[in-house]
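Dumping the structure here so I can ask a few things about it.
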Amino acid sequence: MAVSTKTTTDEFIKGLWKDNPVFVQVLGMCPALAVSNTARNALAMGLATAFVLVMSNMVVSSLRSFIPKEVRIATYILVIATFVTLVDYVIQAISLDLYKALGAFISLIVVNCLILGRAEAFASKNTIARSTMDGLGMGVGFAFALFSIGAVREIFGAGSLFGVSLFHDAFQDWVVMVLPSGGFFTLAGWLLLFNWIKQRKAQRERAATLSLTEEAAR
Amino acid sequence: MSRALPASPAPTSTWHMYRAMVGVGVCCGLLIVGVFQATRPVIERNKAEALQSAIFQVLPDATASTTFRLRDSGDFAPVDGSAAGGDGEPLVYAGYDDDQKLVGLAVEAQGMGYQDVIRLIYGYSFADEAIIGTQVLESKETPGLGDKIETDPGFLENFERLDVSLAQDQSSLAHPIVPVRHGNKTQPWEVDGITGATISSEAIANILNQSAQQWIPRIQRNLQDFQGGE
Amino acid sequence: MPAPGKTLEIRTSPHILSGYSVDSIMFNVVLALLPVTAFAIFAFGLAGLLTLSMALVSCVLTEHLICRATGKPTTIGDWSVTITGLLYGLTLPPSLPLWMVAVGGVICVAMGKALFGGLGYNTFNPALVGRAVLQAAFPVAMTTWIAGFTAGRFTSLPSSTLTLPFTEPTVDAVTSATPLALWKFSRETTAVADLATGFTSGSAGETSSILIILGGLYLIARNMMNWRIPVSIIAAVFVLSGALHLVDPTRYASPVFMIFSGGLMLGAMFMASDMVGSPMTSIGCYLYGALIGVVTVVIRTWGGLPEGVMYAILLGNAVTPHLDRWFRPRVYGTATKEAAS
Amino acid sequence: MEDGTPCPLDTSTPDEIIAAIQEAGVVGLGGAAFPTHVKLKVPEGKFVDTLIINGAECEPFLTTDHRVMLEQSDDIFVGIRYLLKVSGAEKVIIAVEANKADAAEHLRATFPGDLNGSVELLRVKYPQGAEKMLFAALLGREVPSGGLPLDIHALCCNVATTAEIGRLLPLGRGIQERVITVTGPAVKRKGNYRIPIGTPLRFLLEHVGVEEDVNRVFLGGPMMGGAASSLDISITKGTSGVTAFTDSAAERTHSPVYPCIRCGYCVDACPIFLDPSLLGRLAANQEFSVMAERHNLMDCFECGSCSFVCPSHIPLVQQFRAAKAAVRKAAAGKTGAT
Amino acid sequence: MNQESLWSIFINASLVNNFVLAYFLGICPFLGVSSKLETATRMGGAVTFVMLVSSVCAFGIQALLVAIDAPYLKLISFIAVIASTVQLVEMFIKKFSPALFRALGIFLPLITTNCAILGLALFQTNKGYGFVQSIVYALGAGAGFTLALVLMAGLREKLDLAEVPDVTKGTAMALMLAGLLSVTFMGFGGLGG
C-alpha cells in the first residue's frame, strides 16, 4: 500500500501543508471559527484541539486491536470526550480569562469532525508512531491555520497581535473582522488565496508540459 | 495494511464488546476524576480571586468580603467561602474595610443587552445610598461600539455615585434609575448614555434598575445581618 | 435590386429586437439618480461632492482593474458599476473619511459583484454589500452625521473627511442626529415637510424623498423598473406602521414619518428594485416588497438600530431565489399547479 | 387549367371531404404548412365542439389574413361549412384582432344567418395568432402540456386555409397560388400579393422592387420567419410573407450580448408562462434534460418573444431550439437503443 | 434561574445569535448540504427535531448531574446521550414512519457529530434555562439553523448557473455568502431585548 512507503515524517509534513485540515480540506471549522477573533484565543483553541487530536490518535491506535468494530465509534467518542474534559479543566486552571473567552467552545472540540475523522480514518488502521505523527501534523496544521485566521482578524479588528498594539493609537479598528462575519470573510479570503496559488501552480505546470512536448516535437 | 482489525466476518462476542467499552470507560473515568481533583483547588482559587477582585473593584474601600445567601425567610445568612457560586443561588457579597466596618455590598445582576445577556456586578454603598461602582463580568456587545460600556470613561463616571436611595415606604427606589441621552444627565439617578451605543448603555441602566429595585429594599431591611463582619 | 452574387446574411429568428438594452436601462437609472445626487451635493457641499466622487471613482476603478486582472474586456461601459458607485455614495454619511469611502467602494465591487461572476450574478445588491460591511467595520463613523445646509459647506470640510488612511476620524463637535435616531432614542418627530424635501440630516442621498420619487417615476414611466416593488414596500411599511401607530401613537411613529424618513425611499426606489437581486414574477415582487417593508418596520420599531432598510433589502435579496421558485407562474397547459421542483 | 372532381358540400361525406382536401393539397397557410387533412381527422372517441377560424395574423408585419377576410369572406363561409361538416363541431368562432375592426365588421355583416357562431375581437398582442393562445383567449381552455387541441375539443384553422378550402373544393381544384405579404424596410412597394406557388424569390422581389443594400430576407415574418439563404429559392405553400431588411434596419440586432440581469421582461413576455431567463441560464450550462423535465422546455413554441424583449440580447429562443433538438435526439437515441 | 422571556429566547436563538451565522455551529453540514434546497430543508428539519429531543435529554441529565454533584461528567454524558438518542430516534422513525425515515434517514447519523446539537445542550445549561425555556431555545435554534440553511441553498442553487470565477468556486464562495448573510442578520441585533 502507498501508506507503507511513507516515513513517519511524511505523515507529519502532510498535515502542515498538502492536506492542511483547514485550508485544503476545510474540516473541523465548526467549533473553532467562533473563537478565532484574536490570535491568543485562536492559538489556544488550535493547541487544545491539537492536543486532543494527538492524544486520541495515540490512544485509538494503541487500542485498535482491542476494540471491536461494532463499538468503535462509541469508544472513540468516549476517548475524545475524556481528553476534551481534561483540556477544559486544565485551561480553567491556567487562566480563567482565557476560559471565559473560549467558553463552551472548548467542550465543542468533542464534535470537531477532524478528530473523529482522523481517529476513524487513520489511527484505527496505523501504528502508534505513525498515528501520533499524523495527529501531530494535522494538529499543528490546524493550530497554524486557526492562528492565521485569528491573527488576521486581530490585526485588522483591533490593530494588535496577542494583545500588543501594532499601530499608532489612532488606528481605526475594522470591527467587522472580530464579528462573526469577519470570521467567514477571513477564512474565505485564505481559501481564495490558496485556490489562487493552486491555480497558478497548475497553470505553470501545464505551461511547462506544453513547452516540453513542443521541444520533443522539434 | 499489514495489521488490520480482526478480520473475522463473524460478529464480535458480546463479552468482547462489554470488555472494551467498560475497560475504556473505566480508564476514562479515572482520568477525568483524577484531573478534576487535581485542578479543582486551582480553579476555585482562580474563581475566588476573580470574584474578590471584582468585589474590590466595585467597592473601592473594601479590603475583605463575605458572601451572603438570601434565605427563604427573606433575611441573609453568611455562607462559607467554599460553597460559593452554586447555581441559581441568590448571593450578595458584603465588603468590609480594614476596621471590619461594613462599607457596602456587591450584587450581581444580568439582563439582555444588544447581542446577548450582559452580566455585571455593582457595589452599593450604605453611606451614600448609591451605586459606587460597576464591573461587567460577561458581555458580547459589539466590539468598538457596545463594549464601550466597559471602557468609556464618561459612561463609567455615572456609577461613581448613582443615587438609589429608597422611597418613604422603604419598598422601592425613590427614583428609578433612568437612561438619558448623552449629555442630558441632570439628576443623580440618571444614567448618561453613550453616543452610538445607546442600546447597550440603556441596557446597563435597565439591568441596574431592575436589580436595585429588587435588592436594595431587601438589603436595607436586613441591614443588621451584614453587621459585625468576620 | 442586389447583384445576383450578393450574399444574404443568415440569422435565426427573431430578426427584430425591442429597443431595450442593458446599457440603455442602466444609463437611464443613472439619469434618474442625477437629481438626487445633485441635491446631495447641494445639501452637503464639498463633503457631499468628495464623498460621492470618491465612491464613484473607487467602484468604477475597482471594476476596471478586476476586469484587467482577469483578462476580460472592461465592463464599465455597461453603466452598472456607475449605478453601484452612485447608490453606494448616496447611502453614506457625507462626513465619512474618504479612505473609508474608498475601502467600501472596493468591497462593493470586489465582494459584492466580481466574486460571484460579475453583472447579473451579484445576488446581493453590491452597493448595499459595501455599505453593510462598512457599517459593520466602522460602526461609529458610519453613524456620525453632519447637518446639511450649513453656511460654509462649499468652502470648508468636516474635519473627519480628510482623515489619514487607516486612522480613526476625529468626530466633529457639530454632529446631528437623523430623524430616525431622534425618534428611536428620544421620541422626537421631525416635520414631514422637512423629510420630504430633504432639509434634515442623514446619508448623502436619502434625505430628499421628492427627488427620489421623481427619479423612480421616470424609470417606471420608461418601463425600466418594476413598479410593484417600491409600491409594495411602501404599502407594507405604511400599513404595518399605521396599525401600530393607531395602537399607541406615543410609542410607534406615524406611518407618514416612517415612509419619508431614513433610507426607505431611496432603498425602495433604487436598491430593492435592482433587477438582479429582485424576483422576476409579479407575485414574487409583491411578496418581496412586503417582506422588505415588514422587516424594515420590525427593525426600526423593536430592533437595536434606528434604521433597517439596508438589512431588509439584503434579506430580500437572499430570499429572492425562493420567491422565484415558489411563485413561478403556472405554465400554459399544466392543469394543476406544479409542485415546486 | 383543368378542374378535378368537385366535392359538393351537401352530398359529400366527411371522409370524402377530407380526401378532397388532401387531393387539393391544402395545408395550413398561416405559416406552419401542416397538412390540413391530417389535422381534420378526428379519431374515434374524440369529438370537437368548437371550430375556431384564426384571423389573427401570426406575426407582426404580415397582413395576409386581413386581406383574405376583407376580400374572400364568401369563400371563408363556404370553407367553414365544409370544416363544420368534417369536424362535427357545433359552432364556429372567427377570431380577429382588434386593430382589424373593418374586417370583423365585414365578416359580421356577411355572416350567414343559418351558421351557429360569431366573430370575436381579440387584443392585439404577439403571438395572439398561435393556436394555443386563441383557445385560451376565446374558450378559456388550455391545450394540455404535450397534448393536442382535440384534447380540449377544439379545432383551429387559419382564415386563408378556410378560404382556400371554400374556393377550391366546389371546383375540385388543387392549390396553385397563395396570398403573401411582401414587406420590410427594404421593400419599395409593400403589399399583399397573390403569388403562384413556386415563384422564385428573386422574381417576386424584382416585381415589388427592393433597395440596393438589401441584406436579409426572411420567408415569413420577422419573429419566426426563416432566413432565406439565397434569392433563388421558391415561394412555397407555407410562405405567408416575405420580409426584406437593409443593413441599416438590421443594426439593432448586432448589439453586444450582456449577461442576464434578471429584468424579468422575458417572463412577462412569454405567452405560455415559461421562465426563459432560467431556461437560458440552464441552456448556457448545457442542462438540457433539466430544462425539459423540470421547466417545460418542450412546451415552448418558439414565438421568439423572449429574444425580442431581452435587453441583454441573449439569443434565448435560438438556444431553446437547439436544446429541444438535443432533447429530441436524446429521446430518439434512447428509444432506438431499447 | 434565568428570567428571559420565551419570545426573547426564540428570537435570540433564531435570528440575533443564529447558531450558524453568529456562533459558527454546524458549519460542516451548512457547507455540505446547502447546495441543494431539498436536502437543505430536510437537514434543517432533522436537526430541529434532534435538537428538540436532545435539549430535553440534556435538561434531564443536567438535573441529575447537579443532584449527584458530578459536573465533570457533563461533557461525556451529553455526547453519549446525544449519540444514543439519535440512534434511538433513527430506529424509532425507521419502524414507525418509513416515509419520514426516507426523508431524514441519511442525515441522522451525520447529526450525531453536529456541533450545533451539543452546542445547544451546553449553552442551555450554561444559561441556566428551565424546561420550557430549553424547549423554546431548541426550537429557536432549529428554526434559525433551517433558515440559514435554506437561504444559503437558494443562493447557491442560483449561483450554480452563474459564471463564477474559478478561484471562488466551492467552499470559498459558500463562506463568502455565509459572511454576507451574517452581516445581513446583524440587522436583527437588539430585537430580542
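Lettered A, B, C, D and E in written order, each chain numbered from 1.
The rule we apply is simple: a contact is a pair of C-beta atoms (placed from the backbone, for glycine too) under 8 Å apart; a residue touches a chain by one contact, two chains touch by 3 or more.
Everything quoted here is computed from the prediction, not taken from an experiment.
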Any chain that touches chain E and chain C: A, B, D
Most distant chain from chain A, judged by the mean position of its C-alpha atoms: D
Of A-C and B-C, pair with higher C-beta contact tally: A-C
Centre-to-centre distance between chain D and chain C (centres being mean Cα positions), rounded to whole Å: 45
Averaged-CA centre spacing for the pair chain E and chain A, given as whole angstrom: 23
Whole-Å gap separating chain A and chain B, where each centre is the average of the chain's CA atoms: 35
Between chain D and chain E, centroid-to-centroid distance (C-alpha), Å: 57
Of all residues in chain B, the ones touching two or more other chains: 28, 32, 36, 114, 142, 144-145, 199
Numbers and ranges of chain E residues touching at least 2 other chains: 72, 76, 162-163, 168, 173, 176, 180, 183, 186, 189-190, 193
In chain D, residues with contacts to at least two other chains: 259, 278
Touching pairs - complete list by chain label: A-B, A-C, A-E, B-C, B-E, C-D, C-E, D-E
Contact footprint of chain B on chain E as seen in their complex: 1, 4, 8, 12, 16-17, 66, 72-73, 76, 127-128, 189-190, 192-193
Chain C partner contacts - residues on chain D that touch it in the complex: 132, 136, 142-147, 202, 205-206, 209-210, 212-218, 220, 222-231, 243, 245, 250, 252-253, 255, 258-265, 267, 271-275, 277-278, 294-296, 299, 304, 307-313, 315, 317-318, 321
Chain C residues touching chain E - in the complex, by the definition given at the top: 70, 111, 114-118, 120-121, 123-124, 129, 132-133, 136, 295, 298-299, 302-305, 308, 310-312, 314-315, 318-322, 325
Complex contact set, residues of chain D against chain E: 259, 278, 281-282, 284-285
Chain C-facing residues of chain B, complex: 114, 142, 144-145, 181, 193, 196, 198-199
